[in-house]
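After this come two complexes, each holding chain A, first together with chain B and then together with chain C.
Our next item is the complex of A and B:
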């Protein structure tokens, strides 16, 4: 059956080409970034000519380095997580443990809509909040760090809600019975039995959300990030962030030094998301032995 | 005492839930509120026209809509065969080191930020495009579509792979006992039986391409025009929102932004609804 053999060969060849092509593309992408970024990474890139102790302690402002962008991104991630993680987990717990099926269906629909919303629309939402505030309560309102954090929190909220709900619902029914049989109240069951058992799943969802918060550019672009702002002192200050810095360099670099700074920031961003990715992989592979007996 | 605490905790959780839900509804409400004046004023006709030139008073957003459609369709069409090939490779080489490595690469791809794909493409992909085609600046529909295709590839591969794994099992055993080679199993048994998965994978990828703002913003050139070829510059709805809000403009331009946002939202909702419909139809046909 030569036709059969030939078609088999052709199809396998195509599969090989597609797979090898993908690997080559990714190798080129990361290799190029490494090669250009490694030579650019040094203390001068971060802090310009300011001594690093003075810059880190905030005694001397850094004007030409990427340190303010690193700090801005850090503030943004921490603020967004502070908003999204408690809200998301509480919503996930309510959906899985307390809500009636009818309410659950409606809230799930809303969460699905939110999850499908592109990030540029989330940014537009932040912008409309400012427009609304200007028209009504605060005529001097402007985009700022807090607004960005709120919008980013809204972006990662559906991930955290979903992952909390799914992990709690995945606990087997006979293990759920342990709680009531020990005389636990509903909250004690959740707090001492269900949450520890599903902590691994929830934690990896939270880390994925943080990764999303670290990389997103479209949202912050419309809600308060600027190219030059220094380190934000208050919540209503403008700020800098790494992903936006990378975008700016790609759009309008003027010197080799700026270009180097762009490659350096890209490498730093890649390292941050890479570490978060490794953490998730680690959490998913390594079994938490303490509770293994129950699951 | 315990009951009292229980009551407070339950109310606290409920309050948090209501806050999240309220945030979601506030988002929808504000978008609608700001695009509502459009629908009931005479400006609608001006917005749905083919010319964008704010300095001369033309605010048409149809070119951006065409740009979004062209770019997302092109990138999905480019990613589709590659995703199919990669899934075939993973299926035919299952349990081998190579397929595990390939899956790892695809997983790693999902963790790479969008802005990095765009950034690297500006330096790796744009100069060759400029040289090979010797037309324009290299920032064009084709460049953006190639990069966007790479961006949505892991989504398509991972969703389809999940469906294939689910469909596997007994089907694989039966087709193996019929003497089919792994590649024939993939083409004639797995592919038809997981076609539903393929459709939803493609739709998810397409939605991601429609919603993405950074890649078109960095790579497509952003000229608000009707492209004559793949090498022409285009502007998408998402990039339009970012561009207009970044530069302070007058009120009519703002209105076009809300119209763009609403259009994006509606497009994604429609595609999702289509996916649900297709899913249901295929289910009933299978029965």
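Our next item is the complex of A and C:
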């Protein structure tokens, strides 16, 4: 058999093994979480002994359940996305459509550095900001939900920038020219042509960002998360978050049941990100169908 | 023919891509009711000429343009390269259809309707009427009226080409620049487009790039031959009446 054919076989075999391995790992991971966590999944895990209506409506605080952490994580992710997605998309648009090559190089360098920054550094950054504020403008400043959201937003910003830029640049030149040839201004071309055409790519960046925001613990530990904070009422309140809760459980558990509750929380975290993925995908669908079918 | 009646006038136009000169000192006039055909071998700069008339080349950062293009509409003269008329209006008035049919990956309806809404600012039912009118112009209406909301990429090549033409017509241009409108079409569809061009030229001044000499003879009122970025020969009606002479000239200058 010629060498070319053998190497072809080997390569494609390797590719198959790699993808199968990926699926297997995924299944094992989720299966393991399910096995350990499922037993812990009940109202008690969420609300302890508080009736769920009272807990959800906020009439009665929950001390021993993960409900405040669920709400805190949800707030954190949504808030961080609300900050990072518009900013990231704007930067991506600038990079791909407006910036001169020279400026693009500098901004790209900045984005790469941001992308390479470990999250603990981002947390330290947020912490330093608070220290600075305390010494200067705002003596009563303290770490809080808003600060965490800003730092997490910084963390996921590079994903959204890069993915926006890349999917805009991937629009084929002959499609790209249609806009100006029909008399669109540059801004109209971006809004009505380029963004709808690259919405799928941008969506994948947003999903990546959401995943990253949901999982990160290092940043929030330095910028506002505490155990037993309850449900945050205002942006400058302390808050709880599931990854931090899991971390605490893993560090301090005293019985298998407690550890299993940790696995249950992990499942909930997965579910939250899953729900957010679905929501974002649905949003993109709605936008795209509006663009494709209706006028 | 005097220059007063021309709709579009290109004077001394030169274009560079990076340091390479692609067009040199082009002079060209388009007259109302006339169809001018631009011929020249591949890479001679035909598409570049078309795209510098509506300043589309400016999108490429490496492109540099010199010279003047003047568009004379009913009411005013617009100096394309130095005017206070917004660039978007200039580009709308100089309608252009590309060499490769470039439909948007949207619905057939939206392909025509969206530019009408955005560029002309029309709303509501006016848009529907305009879309139907434009599609009838290119005799596409009957073929697509039942599937207006299907994706435009499901159309055949010729239908896509006509859809692009309809999109341009819907924007009320003064001049039409068509880059090989019958490339990749079978001869029957090509003949259809040629007949269409015959009708359209009564209302628009038209500049068509063509690779087919037979087609050129059938549709042209005037022929411009471009070679390596220079306009080397222009032929009027009289010369075109005699095909043998036309082919002889082409042999010499092409």
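Heads up, the rule we're going with is that the second predicted complex is superposed on the first by the 231 of 295 C-alpha atoms of A that agree within 3 Å, B and C clash if a C-alpha of one lies under 4 Å from a C-alpha of the other, contacts with A are read in each partner's own complex, and residues count from 1 in each chain.
Basically, a residue touches a chain if its C-beta (ideal position, glycine included) is under 8 Å from a C-beta of that chain, and two chains touch if they have at least 3 such contacts.
The model shown is predicted, which means the values in this text are computed figures rather than measured ones.
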Touching A:65 in the superposition: chain B (first), chain C (second), both, neither? neither
Based on the superposed arrangement, let me know which partner A:157 touches: chain B (first), chain C (second), both, or neither? first
Scan A:8 for contacts with chain B and chain C and give back first, second, both or neither. first
Just to be sure I read the superposition right, which of the two partners does A:185 touch: chain B = first, chain C = second, or both, or neither? both
More residues of chain A in touch with chain C or with chain B? B
Give one of first, second, both or neither to describe whether A:37 is in contact with chain B, with chain C, with both, or with none. neither
Shared chain A contacts, counted only where both chain B and chain C touch the same residue: 185
In their complex, what parts of chain A are in touch with chain C? 101, 174-178, 180-185, 188, 192-193, 197, 291-295
Per the touch rule above, chain A residues touching chain B in the complex are 4, 8, 11-12, 14-19, 21-23, 25-26, 28-29, 32-33, 36, 86-88, 90-91, 93-95, 98-99, 107, 110-111, 113-114, 116-125, 127-129, 131-132, 154, 157, 161, 185-187, 211, 214-215, 217-218, 221-222, 243, 246-247, 249-251, 262, 266, 269-270, 273-274, 276-277, 281
Could you list, by residue number, the parts of chain C that touch chain A in their complex? 54, 56, 59, 61, 86-92, 96, 98, 100, 102, 104-107, 109-110, 113-115, 117-119, 127, 149, 151, 167-168, 171
Could you please specify the touching residues of chain B with respect to chain A in the complex? 2-3, 5-6, 9-10, 12-14, 16-17, 19-21, 23-25, 27-28, 30-31, 33-34, 81-82, 84-86, 88-89, 92, 98, 102, 105-109, 111-120, 122-124, 150, 153, 181, 183-184, 187, 207, 210-214, 217-218, 238, 241-242, 245-246, 257-258, 261, 264-265, 268-269, 272
